[in-house]
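Dropping the structures in below, format is structure tokens.
The two complexes that follow have chain A in common; it is paired with chain B in the first and with chain C in the second.
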Partner chain A sequence: MSVTSTTASKVLDVLVRITGTDEVRRNLDLPLFDTGLLDSLGVAELIIGLSDTLGIEIAPSEVERDLWSTPRQIIAYAEERIKA
Partner chain B sequence: MDGLELIERIDRWGTLAPTAIAHESDGRAITYQELKTHSDALAGCLLDELPDDRSPVMVLGHKEPELVVAYLACIKAGHPYIPLDTALPAQRLEIIRASSGARLTLSPQGVHERITLHASARPSETPHEGATQMENGSFERVAYKPEDPFYVIYTSGSTGTPKGVVISLGNLNSFLDWMLVEHPLVEQDEVFLGIVPFSFDVSIMDLYLCLYAGGTHRSLTRDEIGDPARLHRALARSGATAWISTPSFARLCLVERGFGAGTIPNLRRIVLAGEVLSHELASELLDRFPGVPLWNAYGPTEATVLSTSVQLDRELLGRYPDVPIGFPRPGGSVLVMDENGQPVAEGERGELVIVGPHVSPGYLNRPDLTSQAFFTLGNQRAYHTGDWGRALGGLLFFEGRHDDLIKLHGYRIELGDVEAHLKALPGVQDAVVLPTWRDGQPERLVAFIILSERPVRDDFQATLNLRRHLSERLPGYMLPQLYRFVDTFPLTVNGKADRKKLAEMLT
Partner chain C sequence: MIPYADFFSLGVALYVTFVAAMAGLLDWLRQTRLWVVVATAVMLVLTFSGSQVLWHGAKGQVVTVPTLAFVLAYAFFQYIVARAWLAVRIRGKRQWAYCTVIGLALAPLVVAKLGNHLAPSDVLGFLGISYLTFRCVDTVIGIQDGLITDLPLVQYLAFLLFFPTLSAGPIDRYRRFEQDWTGNPTASAQRGSGQTATAIPLVSPAAGTGRSRTRAEWLNDLDGALQRIFRGLLYKFILASLIRQYWLNPAAHMPGLLGTLSYMYAYSFYLFFDFAGYSAFAIAFSYVLGIHTPENFNRPFLARDIRDFWNRWHITLSYWFRDHIYMRFVLAATRGKWFKDRHLASYGGFLLSMGLMGAWHGLTWYYLIYGLYQAALLIGHDVFSRWNKQHHVLHGPAWTAASIALTFNAVCFGLLLFSGHLA
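After this line comes the complex of A and B, so read on.
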């Protein structure tokens, strides 16, 4: 995966805004929950942010936290959704 | 409700509806019969273990059925309980243990039928474990008087030491009497969602109203709430008839577009409390749950969960720019006072002062803090909330705080509490903690830090270190999310850190 892809960079922009750190760009395997960068309300905000930015509807009921725990996983989810 | 009618009623469901589920969480449940038998047995053990002195007992866990057993057992044995959540780090628990004088901590050990006692005869001793036989149910319940303490809930204190709000049996009965009139319940046919942890007093409302009516308390765990897919599965399966939560939690659920009356078809009431409710969220809830009564309520822990409430509809929402927090509860009053303790004119802004039978006797073992915040007005107990507000036609409106206490997602946080703990960390020279705001509500905490030695390149690593160390002292909801490292703070004319200027750095 290249972070130069448009989707990836949009996802990372949203993540930087919500977590308040650029580290999410530097380390795509950063564990977002374990580091305290994301919590339940942060995930909700991320879902809204990604839905708006990418123009796709993401239902929280489809979001398994274990599959959304690093920037790389979230980018993969978004790219998959956009392809579909 | 007189005397121990609450406990008697809960016990009676053990005979009338022995197999009905009283409490359920994370796939584990306890019936009313088990609740009665186990709490009687544990109370018997507590009577052996502790003198009859109304000293508090800590109960530590996260939503497990054993916690409810322990709460009832404590009361039956004549001891108020201190509900503590496992989100609290060990150091904070130790501060609470030492300052409360609790000689015993009860905590579930994962096995449904047993509760393990972590007992220490004297505070200086290391707690030891000893399993208890739950079958041994013979004991005589201790007589409780209205002025006896029922529970003690710890909240954030401005100097870094949490303070314990004592709520008496009389306070609690007064609260429940009001609630049972405002929210008529269908006996043996209610399911209350347990959303907030038991350490947060909004849970007093859902737990005891539910048990009073012989309903099922379905408690959601932190892991369920933190995992969107699991949360929505749990909500859809809940069969809930009562929803009592913070606005933040409701907002979190509404992100799911299909979420509404169709998801929770049996819902009979929604009560929001614990933080400011926005117009937008109130309207959205009215849209998504047509026909379900929606209530907004307000109250500090010091006045037994809630002091004001109002049922919302579109007409009421349309009449005011802000969502009202409600009318004072029957039997109590909320005065709007100026700094000299005189009532202000209708519509003027002042401090909200709560008066009535639901006002706490004070803070546990803290006569100094108690006398600062509590007083007697006429022959009634009164409490200075420190909240600004105004009254219009009997309806009250909340207008913020006049100190550094904030409500973040329903949790009460003294900014000074977080700062004191940050400053105590190695390498931290000074710290200021501020909330960021969105739509007039605090959104997250930002810590401005002066380190003795600032890392040359890696601020993020420094952030992680601070966060890790701070999490050993404070619960997760009190941890700042953002950390900004600075070399100096801008100063006010008095030489104090200029919080306004720091806040401007965030915009």
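After this line comes the complex of A and C, so read on.
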């Protein structure tokens, strides 16, 4: 298992816990805000979750929401941050 | 001169930006920086041509300063504060310094508002100071988060005093403005696009040549500008004017509950068309200069619920409070385990951000009530929608329609509180 896929599974674990559904694992292009699975409270919990599990600190104003609205985009962002 | 308030000021803005718009015909004149600086300088002189009383002497003598000097002093003060903060921040995170700097950035606004409250005069404030403060605080927070790593003087002043949005927004963000200004997404905005700076560079990679639009970009910008200017004309000078003259003003003198209801709807529509029209002008003139100022309104009266409404109404203000107040409160509350229930942290965030938003509009009781009312709506909606999601009671197209109507009326009542008509 590569480093990236570990990151992906950790991000998905956090997303499943916050959204309360496995759907995010099955459909990586699920629009999280439009479906109401993620709101501002969820984003805050996601930021804390990523900080706890991956050690990356993301500021609330760092990412535009339309660049961060699907599981795939969030995974890609986390992977970029870890690589750097 | 109040920007876009009448045909005269609109005409002045058109004249000033006309040169920038036409110069785009020539390749080497499509520089965003050049036109932003020239147009902003001219408009600052025209907008702040007056002077204001600094001191009333005991013997009746009056000391005045040109308003422009006052505005420039404000801008340089904010620049020095932010620059000093950047120098401190590069050496590490210091909470006390962060709080001090936030306090300093807010100080001119607080003094102006409190001063106005204690002794009504226009001594310390100037048109747009409330909106400029948002941009200053946004920069300070960006530095704290390590997102802003460089602060060139001209770029910062151009961002702060950018004339199209000077008086009442939309509230742009420093990192977003920087992208248009430099045409270089690898400046300190790079973390937003997914690339992380490993070390804080002392010299910005964007310090070289300025932004020059391609011909296609220039035409696209002009197209966007023209569409918005016509929308602004329709909204502000036709619809808002007609509503005010034939509906709002008569309704203001109508007695009884019906009169109040009529005023409530009239005021809501007037405020929307007036402010959305102003915003359309502000964004249009930004586009002419190559700056893509974010939108402020997106059909707010068709919002499905109150949360949706705040994604559609005064969007840049609402997102500012979301990112800088609500989110930070919820993060701190969750990390510090202040509340047993996760939703209570969110409700605390609603109360804090909406309360502050009310206070920012002015230290008058009905603005504060308006803020608390909005927080109550957001909390009520959250409790209801979680219950509804669990029990799946109300759904389907009929409920959606009812929800839109309910939201519209709740919003209009909020704007009635905001108008001060009940005071």
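In the analysis below, the second predicted complex is superposed on the first by the 80 of 84 C-alpha atoms of A that agree within 3 Å, B and C clash if a C-alpha of one lies under 4 Å from a C-alpha of the other, contacts with A are read in each partner's own complex, and residues count from 1 in each chain.
Throughout what follows, a residue touches a chain if its C-beta (ideal position, glycine included) is under 8 Å from a C-beta of that chain, and two chains touch if they have at least 3 such contacts.
This one's a predicted model, so the numbers in the text were calculated from it and none came from an experiment.
Using the contact criterion defined above for the overlaid structures, shared-chain residue A:23 touches chain B, although it does not reach chain C.
Once the two complexes are overlaid on the shared chain, A:80 sits against chain C while remaining clear of chain B.
Put chain B and chain C next to each other and count what each touches on chain A; the higher total goes to B.
Contacts of A:61 after superposition on the shared chain: both chain B and chain C are touched.
By the document's definition of touching, both partners, chain B and chain C, reach A:44.
Touch criterion met: A:35 reaches chain B, while chain C stays clear of it. By the touch criterion defined above, A:72 reaches neither chain B nor chain C. Shared interface residues of chain A, touching chain B in one complex and chain C in the other, are 39-41, 43-44, 47-48, 59-64.
Within the complex, the chain B residues that touch chain A are 225-233, 248, 251-252, 255-258, 409, 446, 460, 463-464, 467, 471, 476, 479, 481-482. Only residues 19-23, 26, 33, 35-37, 39-44, 47-48, 57, 59-66 of chain A touch chain B when the two sit together in their complex. Within the complex formed with chain C, the residues of chain A that make contact are 39-41, 43-45, 47-48, 59-64, 67, 76-77, 80-81, 83-84.
Within the complex formed with chain A, the residues of chain C that make contact are 138, 141-142, 145-147, 173, 191-198, 307, 322-324, 326-328, 330-331, 334-335, 342-343, 345-346, 349.
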